[in-house]
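Please go over the structures that come below.
Note that chain A is present in both complexes that follow, paired respectively with chain B and with chain C.
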Partner chain A sequence: MRPQTKKIVLGILGALTLILVSEVIGRLCLAGKAWPAPIDAVWSVLGSKLSSSLLFRALGATLASAGIGLVTGSLVGMAVGFLGYLLPPLRAGLDQTASILNTIPLVALAPLLIALVGPQGMSVLTAALGSGFAMFVATASGLLAVSAAHSDLFRVSGASRLQHIIRLSLPSAVPSLLGGLTLASSGAVLGAVLGEWFGAPTGLGVLMISSMQNFQVKMLFVVALTAALVSLTAFYAMVALQKMVGKRFV
Partner chain B sequence: MSATGISLDRVEKTFPLKKRYTYTALKDVTLEVGQGEFLALLGPSGCGKSTILRMIAGLEQPSAGSLAVNGRGPQELVNEHRLGVAFQDHALLPWLTVYQNVSLPYQLAKRPVDSARIQELLELVGLADFRDAHPRQLSGGMRQRASIARSLILKPDVLLLDEPFGALDAVTRRRMNLELARIWDEERTTTVLVTHDVEEAVFLAQRVVVLAANPGRVRHDEVLSFDTARTEGLERTAEFHHVVDRLTRMLDAS
Partner chain C sequence: MTKESSVLATRIASVPGPGVRRRKGLFPAARASLGRILALGWPIIGLLLLWELVAVLNGYTDLLLPRPLSVAAHIFNNPQTFAEPTLITLALAVPGTVLGLVVGSGLAILVWYSSILDGLITPTTSVFHAIPVVAMLPVIGRLVGYNENTIIVIVMLLSFFPTFVLVLGRLRQANGSSEDVFHVFGASRRSTLVRLLLPQAVPGLLAAIRMTAPFSIGAVILAQYLLSIGGLGQLITDSIVRSDTVTVWAIACITSVASIIVFALTKALEDRVSVRFK
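After this line comes the complex of A and B, so read on.
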């Protein structure tokens, strides 16, 4: 067996074992009523027309806010990172502001943010915050990742500042930007779910809160599972993109 | 000071170390490189030979003394896109193909791309079949050849070679030297080669300047003239070995 195949097989076996063990614990109620049997939970949620349509509608809403948040957050993050690159005196201040914004717990910022965009806008905003910070860091560091030899080449070739930016700094930043995108995409999904807790009308986050309050253990489990799966899918999609495009730039 | 070629007049270069301490990399270097001459700067590592090259390219400023290329400051040559440099590290852009890399100087100079000239140079360096390959798909020797083609593409007034084959194995290196000699015979550009390899210097250059280290200074200046042509087994003649031995002893003594 090739090492690669062995790794995949072992991974699948591990996941199956985990599912099976938690299924047994859930069915036999070994850990109380709050431990759902995974297969049973998925089956009963997807089997019921009402709960499955509820789940998919929530998923659609979350994906929409995550998508809008990812795009706007990335654009703003990249623009701010680019601004810091163009105007070095701003760099230290921008870095600090971004770090502070990112380290304050969202819960502490929430009242301010709600006042700013209203409860409906929260999920897009938190998704944008999650992805924006990653893209800001990726842009700021990526634009400075130009090799000294390439920089010398452009100087002795008499390149203008604009040519230096377009033909050297931007392409040199691509690997870093792709790396940032893997973090930003999963961050946007989690940010959207979190933002929905603050009073969005629909979404996975809303469904999570309501099933928690109504002791819908199975629903809560499936919603959490869906959020995790979407986030992982977004992450691996970007990793694949990184592998496909990124190797051209290093 | 001559109006053509490169001239260094009592050039000194110091680098600040800690506060109040400076390191003198070059002291009192006076050097003239004539129009169409191939000069090799030979010296042990740390003698400042790359610093001289970087100053001629306008990447560093002399701390004292004056330096002129064709009677003017090096930056003017750079601004007119008349300088070609092949770096120790090939410095090809990984996201461009060989053809695009070689045509980059045209774009940076905002001149129309002369694809016939690119094709001709790619053939000269033996990369015509690899024009659409990316640098990562090429061997080390091929990358250096592409880098040399790029440095020659605009028919520069001055060509600077900073140990362009330093990272290659001995066999590839000898072959590259032979090719470089052949290319130079066709282009006849004013060239400064920096190297610590005595054979390479003697084989390629018309004139060798030996530098001494700490502080870097000119130790010896010698015009080479051989009866045998470079392409016809110069490096196997007794005369060649005699010169190499003498210069090697000089390097060891410095």
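After this line comes the complex of A and C, so read on.
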């Protein structure tokens, strides 16, 4: 067997084993009633009209918050990264603050954020924060990743600062920006779900908490699975984009 | 996150202090350190001023938006309110982190040993890496029970993935000449692992600690908040019920400072110890 084929076969086998083990644990109630059989849970939630419409409405709300958060967070992150590039004296302070803000737990920022946008706006804001940091770091390091030879050539040829930025720094930052987007996209989904825990009216996070409190284990399990799938899809979509677009800029 | 974070960390570390340049005039040292504080901390100072301004200009009372100084005074006047919950929260982050480090490194070693285990485990783990662990809190709470065990499991999962990835990466890192020496002297796989590769993996483990420790504090508080099980998280819930806004803001400040201190300590540990293993 070729190594590549062996790798794929083993990978699929590993995933199947995991699903099978969790199915067996659920069917035989080995972990108690809180562990449903995955296939049965998905089937029963999607089979019931009421629960599936509840799930899809929540999914739509979370996707909307994560999407808006991803776009605004990325734009702000990139703008701040660009500001640090344009005004070098600000750079050290911006780097330091961004890493400090990223270290501070969301719970700690919650009162400030709720005071700013209210409980309804929390999920968009936390999604924006989740993706903004990744995009800031990607922009800040990407803009500086210019090769010295190219930079010299631009200077010798008498390029203006604007030409240097548009024709050299920005294109060189593209691979780093795409790398940042892969992190930002899954960060936005996590941020949106967490933000919904702080009083949003609807969304996967809200549905998760309500099914946890009402002991609807199948619903809870399917909602968690949906959130994980959304995060994975966003991540791998960006990885694919990175592969497609990134080649032209390396 | 690894690459970007390390790039950022290197850039932050390479910022030269203003003390490098010679300064004229009175108190050059004091001016140099003031310059350094301003260069690094201007956004934080700006944020504090903005916070104060928003509170003063809108005429907010402490119930709506307490001012920075009243929050600071509240913490210093009531240390007993915050000391115990803070200690509980910090202490709860430890067992989960340690378990995650042990399980992550152990699995990385197993995967390094066996190519079949590598094929079975590594793809699944990389898929799990993209799943938001903290968002799974309600599921784990339901499974494990609404108690401290949930917190330990969540923190363990949080530190497990980076540890596995970083330690495995270091174990597999090519190191031509040293490995050749071991090979020529007929070292077994086990002694190559113990005497060459495990020491080589230490920086990976330290990087994992630096990446996860500050976030595990946040995860502990989030779990305590959501499941109402003691510590700073429960204090937030209780204070919100009592409309005690100052306490909520005080907890926010304490958590931020604690996370930053843990980040700085783990970063210092990484910088100190990693050099010996490179």
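Note that the second predicted complex is superposed on the first by the 248 of 250 C-alpha atoms of A that agree within 3 Å, B and C clash if a C-alpha of one lies under 4 Å from a C-alpha of the other, contacts with A are read in each partner's own complex, and residues count from 1 in each chain.
We adopt the following convention: a residue touches a chain if its C-beta (ideal position, glycine included) is under 8 Å from a C-beta of that chain, and two chains touch if they have at least 3 such contacts.
These numbers were taken from a predicted model, which means no experiment stands behind them.
**Q** Kindly classify A:Ser157 by the partners it touches after superposition: chain B alone (first), chain C alone (second), both, or neither?
**A** first
**Q** Quick check for you: in the superposed arrangement, does A:Arg167 touch first (chain B), second (chain C), both or neither?
**A** Once the two structures are laid over each other on A, A:Arg167 reaches chain B alone.
**Q** Is A:Ala31 contacted by the first partner chain B, the second partner chain C, both or neither?
**A** second
**Q** Touch test for A:Ala224: chain B only (first), chain C only (second), both, or neither?
**A** second
**Q** After superposing on the shared chain, does chain C or chain B touch more chain A residues?
**A** Between chain B and chain C, the winner on chain A residue contacts is C.
**Q** State whether A:Leu13 touches chain B only (first), chain C only (second), both chains, or neither.
**A** second
**Q** Thinking of the overlay built on chain A, is A:Ala138 touched by chain B (first), by chain C (second), by both, or by neither?
**A** second
**Q** Contact residues on chain A for chain B in the complex?
**A** So the residues of chain A in touch with chain B come to 147, 149-150, 152-159, 163, 167-168, 171, 174, 247-250.
**Q** Show which residues of chain A lie in contact with chain C when the two form their complex.
**A** 6-7, 9-11, 13-15, 17-18, 31-32, 34-35, 89-100, 103-112, 115, 134, 137-138, 140-141, 144, 176, 179-180, 183, 186, 189-190, 193-194, 197, 205, 208-209, 211-212, 215, 217, 220-221, 224, 227-228, 231-232, 235-236
**Q** Within the complex, which stretch of chain B touches chain A?
**A** Against chain A, the touching part of chain B is residues 57-59, 78-81, 83, 85, 87-89, 91, 93-95, 104-105, 107-109, 134, 136, 160.
**Q** Show which residues of chain C lie in contact with chain A when the two form their complex.
**A** Against chain A, chain C makes touches at 1, 3-5, 7-9, 11-12, 15, 38-44, 47, 64-65, 116, 118-124, 127, 130-132, 134-136, 138-139, 141-143, 214-215, 217-219, 221-222, 225-226, 233, 236, 245, 248-249, 251-253, 255-256, 259-260, 263.
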